[in-house]
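In what follows, chain A forms one complex with chain B and a second complex with chain C.
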Partner chain A sequence: MNTVRRAIRPEQIRELILVLIIFGAILFFGSQIENYYQPRTFTRIASSLAILAVVAVGQTMVVLMRNIDLSVGSIVGFTAYFVGRAVVANNEMSPAVVVLLAIVMGAGLGLVNGLVIAYGRVPAIITTLGTLAIYRSILVQFSDAQTIITSALPEWLVNLPQVDAFVVGEVEVKLIVLVAIVIVLIFQLVVAYLPWGRRLYAIGSNPDAAAMTGLPVRRMTISAYTLCGALSGLAGFLFLARFGTITVVAAQGLELQVVAAVVVGGVNTFGGSGTMLGALLGAVLIATLEQSLLRWRVVSEFWRDALLGLLILLAVATDSVVLARLRLLWARGEIEQL
Partner chain B sequence: MTKPILEMQHISKRFGTTQALADVSLTLYPGEIHALLGENGAGKSTLIKIMTGIHRPDEGEILLDGRSTLITNPLDAQANGIAAIHQEPMIFPDLNVAENIFVGHRNRGGVVRWRQMYRDAAEILARLDIKLDVRSSARGLTLAAQQAVEIAKAISLDTRVLIMDEPTASLSAHEVEQLFKLTRRLKEKGVSILFISHRMEEVFSISDRVTVLRDGRFVSTHPAAEVTAESAIRDMVGRHMDDFFAKSATVRGDLLLSVRNFSKENVFHDINFDVHAGEVVGFAGLVGSRRTDVALALFGIETADSGTITLDSQTVAIRSPQQAVKLGIAYVTEDRRQLGLTMPMSITTNISLPMLRRYTNRYGLVQRKEEKKTAESFRERLNIRAASLEQTAGTLSGGNQQKVVLSKWLNTQPRLLILDEPTRGIDVGAKAEVHHIIDELAQQGMGIIMISSDLPEVLAMSDRIVVMREGRQMAILDRREATQERVMTAAMGQTA
Partner chain C sequence: MTRKLLSWEALLLFILIVVVLINVSLSPFYLGLNNQINLFQLSIEKIIVALAMTLIIINAEIDLSVASVMGLSACLLAYLHDQGQPFWLALVASLLVGAVAGAFNGFWIAYVGLPSLVVTLAGLIGYRGVASILLEDESIGNFPDWFEALGQRGLVGPVPFGLLLFFVGVVIVWVVLQRSAYGRTLYVIGNSANVARYSGVNVRRVKMSLFIISGVVSALAGILIAARLGAVRGSTAVGFELDIITMVLLGGVSIFGGSGTLTGVVLSTLIILNIRNGLSLVNISGNTQTGVIGLLLILSVLIPNWLQSVQTRWSRDHQAQAQAQAKGG
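Moving on to the complex of A and B:
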């Protein structure tokens, strides 16, 4: 037992189980849905995953600090729409400028969230519930009920989801998936090795002790929300590339999928524990379920959200029951060794 | 003589390694006001918690009207007519006076009969001669009025034993007089009152008998008429000093910190003291003396309204803990579980947390090897006992946790170290180790402020002792002139 304890931590057991569940889900849908094992299925899952994973990385940082950002869906829709408008107006814009515009736009919206929470002393859940509605309303107001259509977009943007980064045998790795994975890796490095990341965990574990230690809690709150907004902006760009057609309801309800991915991925809603890798695995599961259920006729589309909700509840419940037990077991091991 | 209502007989209670109460007996008669005196940690709170069913005694018996009774929870206590009111009234600010009075009542049917409730509430208030509108919201009431409501609540529950735990601590003189009138009225009605206060003059003005506890043991019970402030203080102090390690004599270094006319409205007032390098300045006082608030103001967590702080002959305004750390001030909190440590994080990461920037390489990444080296050096220096430095702080014993908090702050290389109750709740061995560490730090030239409610500790470790009482500085005693009696006399507001 002690060797097992030393080799792996309870969180890793959780991630392992998640991988098994993902494979289980794929096998299950493979047996239920005709022609499931086709490149098209996985391309779809992959492009859905890319968007979800990028936002989930931002959400994870916020949740690690014992906060939440419900406005991510609106930020993604907002940036997808307005960046789309800018590109439609000027098809010659260089890709780098387009991406940068999306990131800056998202960061600005995230900054507003952070400022209100840090200085307005409004709880995060209320603030972002408010901005969820506000950002969406601004989008509706300034869109003049116009829709961005694929044909008005430059070719490079429309073709982006199909671009392969590299091909290994039969498996084509899409560029946007690679981008998402690189972002996950970069931010895993950030939270694990940068002082900023360490402070994130410390504040999430015990905000009062963090303040008493002299950690800049407000500055951290603002920077975490700004980063979350920036990543949502980037996801908005990916959203635009993936769908081409953007209406005012673009990415509505995405926050549910993102929170589900983060929570299922083992990021503790009370802050202080969780990893980017976990959130990525959570996003893989949610994207797989979402795309597979679309094609599984047994479950009507109206039940899909309910299933996501059920997953969130299950994940949190197992976290507080099973994982707490495991942690206790591990902690006892540490005490016994004394 | 009348028969006693409540007899606590040979009560003992142990928490972990601390013997909170050992063989304590106390008898309450109907219609008496009985004062309970003792230093912080003498066992008063534990005794009250046993009477009100929050704790259960390990040994001993509680007799009610001569019958042995088990009080296993607060509801039991209520059913047996025992109630307590505290310094901070437990009032529901959004409910009105009548609702507050009846909030604890059961079996009044499924529907609130408002008219009857107002009638009953008004009747109780009239009986106690409390002039309050039963319909007024509790939020706007003064502290004294809130306490009156609490007393009315207790009476509505047919309380026969009323425990008043420092009820006067936040009241003005006039309010205290009103409260005492009310208390005497209860006494006339045959209620037995256990009265706890750190104000000697109050104790003598209102009580019939006085019981003193010390170190969880019964010391004496006397009729109030036979007790003087001096005799009570003598009973309260007089703990053994022999097993205490004393600070070695150090050469007084340069003036490090100078605090003048330091005030914060309604919290502390006109605090003046100096700390030299190599010196330990002890802060003594009872509960509510506001010593911690002074420390928090020095560390930038609270802000003072007026006064000056001079550090190394530079006047400074400290507005945040970040700034305090930069100035070389460290504060080790009294609440290490809630505020001192991040329990799910490892020993290593807890220690490096305030100083993370010191461990980054040129790419800005934290170098875990360097962090570990620091943690390792503190483990050796302070003798932290843990299976590994990766062990989470939450799994350590109290003494080892305290050493980790100390390491964390020593790692910021402070010139001024503020220790708030550095040995509270840790075992004797770890306590001695902490004392040795404090001594060593002083010898190395650090200036130390040590807040402690442990009188022998303050006396043994301090070069000078600042005594505070209710936010005011009562005395500064030199090491040579300080005795337990003198410190306690000042802490209780008596002139020696």
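Moving on to the complex of A and C:
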């Protein structure tokens, strides 16, 4: 038992259970929906997963610090729309410039969040609730209610979701999915091994103690929110590529799905614990649920949000009750050893 | 007297006068009874819920699910009515669903101990989801005439039912906050839940009752909006929580709990209603208005923070000066 205790942490058990739940969900839907086990299904899941996962990585960094970013949906919509407009006006833009534009735009919006929270000392929930409204209304105001249509976009952008990174037998691994997974892995390494990433956990688990030990809390808040904004901008680019047609209500409500993915993935809203991999698993579950419900005749797609709310509740309740008991068990085990 | 003049409420009163003056200059009919009643009617459901939200935020909690409960009760009302159920039954059911939703929220927050932010965020998503399960994509209406008249026309003279409810609500909440033991416990719990607990306050029961109240009031507001609009969709009342929370925070209620007055909330409510009305007069769309409200929300916490840091710096300098003088003298 002790070797087990030393090898595995309670949080990892939770992630393992999440993987089991995902497999369970896939098996369940596979039995209910015909032709479920086609590559097409997984490609669909993967497409919405890519966008969700990229934003979830940014959100995780913010939540680890005991903050939250509710404005990500507006940032994704904002960047998707304005980058789309820029590309429509100038079809010759190189892909690298387009991506960079999206990222920089998102980073700017995230920076505003970070400044207000760090220097204005306005609580994150208030700030991001406000910027959610402000960014969305700027989008509506400056768009003159024009929609971006797929036919006005350059070919490479429209075809991007179809591009395969590589093909394994019958399963095509799309490029955007690979990009998303690489981002998750990179930030997982950052958060696990780089000092900057470790400081996120420190600040989240005890902000006052972190400030007293001299950690640059304000600077880290600003950098975390800027990164979250930048990743949301990248997701906005992916959103543009995936949907082509962008209206002013693009990505409205995305923040709720992202928070759901992050919370279900085991990232604690009180900060200080959680991993990018967990957030990715949460995003996988949410994307799977969303795409599967669409194709399940028994129950209308409108059940999705109700299920999402229930999932968040269960995840947080489980974390609060079960994980706390497990951690106590683990800690007792270590004390008995002494 | 100078204390009163420098208070947040005085600042709000000043802002309100400025906003009203600007609006009057934009339209000569602004202060007419018709426009004023209209001004209230457009947001009457929000300001009623803001009264309940005041109690919750003073208690250092938050309820993000109010708009979704409004939508849920409105959708349930429309659904049951559409299914041919007697209308009074549908009304009771709608109020009940609000109580149940509030109790559900309250259970996880008060008894399991989960943070209200996450629980009510889940509620915001979940209750909206249940509402859309009921109505799917449709818009259902066709309510009894007396019901729609209640929501749209004046009840006592030109004053509609909703506005009367608001006045009654203001009186009730004032009495609760300033003259009842329950109100005192709200402030104490908001300042420090632990202190309240050790002083013998049943914190769990108070929090549970608060969220049930919030649920019922939101359900009532949902019924009102169904009456006023005449038809309900799954997306009714989406995004209302922004206005509601702004009204409370702008009114001087601290997001951290433990302080705030009803006067401030009433004043800030008037400010927001007048701003929205004024912006409509210059043809600024509802979406942009929402952006302005969002900005107000941030400023309502940013400015007091800034003022406080200025004040501490001023008093610190003042103290340092006084000390230097005392030493030198």
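In this text, the second predicted complex is superposed on the first by the 338 of 338 C-alpha atoms of A that agree within 3 Å, B and C clash if a C-alpha of one lies under 4 Å from a C-alpha of the other, contacts with A are read in each partner's own complex, and residues count from 1 in each chain.
The definition used in the following text is that contacts are C-beta pairs under 8 Å (C-beta built on N, C-alpha and C of every residue); 3 or more make two chains touch, one makes a residue touch a chain.
Just so it is clear, the structure is predicted and the values come from calculations on it, not from any experiment.
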_Partner chain in contact with A:Pro95 - chain B first, chain C second, else both or neither_ = neither
*asked:* Taking the superposition on A as described, I'd like to know which of chain B and chain C A:Asp208 touches: first, second, both or neither.
replied: first
*Please determine whether it is chain B or chain C that touches the greater number of chain A residues.*
C
*Which partner does A:Gly272 reach: the first (chain B), the second (chain C), both, or neither?*
first
*Tell me which partner A:Ala317 touches in the superposition: chain B (first), chain C (second), both or neither.*
second
_For A:Val263 in the superposed arrangement: first (chain B), second (chain C), both or neither?_
second
*Kindly classify A:Gly24 by the partners it touches after superposition: chain B alone (first), chain C alone (second), both, or neither?*
neither
*Where does A:Pro39 make contact in the superposed view: on chain B (first), on chain C (second), on both, or on neither?*
neither
*asked:* Using the touch definition from the top, list the residues of chain A that touch chain B in their complex.
replied: 189, 193-195, 198-199, 201-202, 205-206, 208-216, 272-273, 331, 334-335, 337-338
*Interfacial residue positions of chain A with respect to chain C in the complex*: 68, 116, 120-123, 125-127, 129-134, 136-138, 140-141, 248, 256, 259-260, 263, 269-270, 300, 302-310, 312-313, 316-317, 320-321
*Can you list the chain C residues touching chain A in their complex?*
62, 108, 112-115, 117-119, 121-130, 132-133, 136, 234, 239, 242, 245, 249, 255-256, 285, 287-295, 297-298, 301-302, 305-306
*Spell out the part of chain B that touches chain A in their complex, as residue ranges.*
301, 320-322, 324-325, 331, 333, 338-345, 349, 353-354, 356-357, 359-360, 364-366, 385-388, 391-392, 394-395, 408
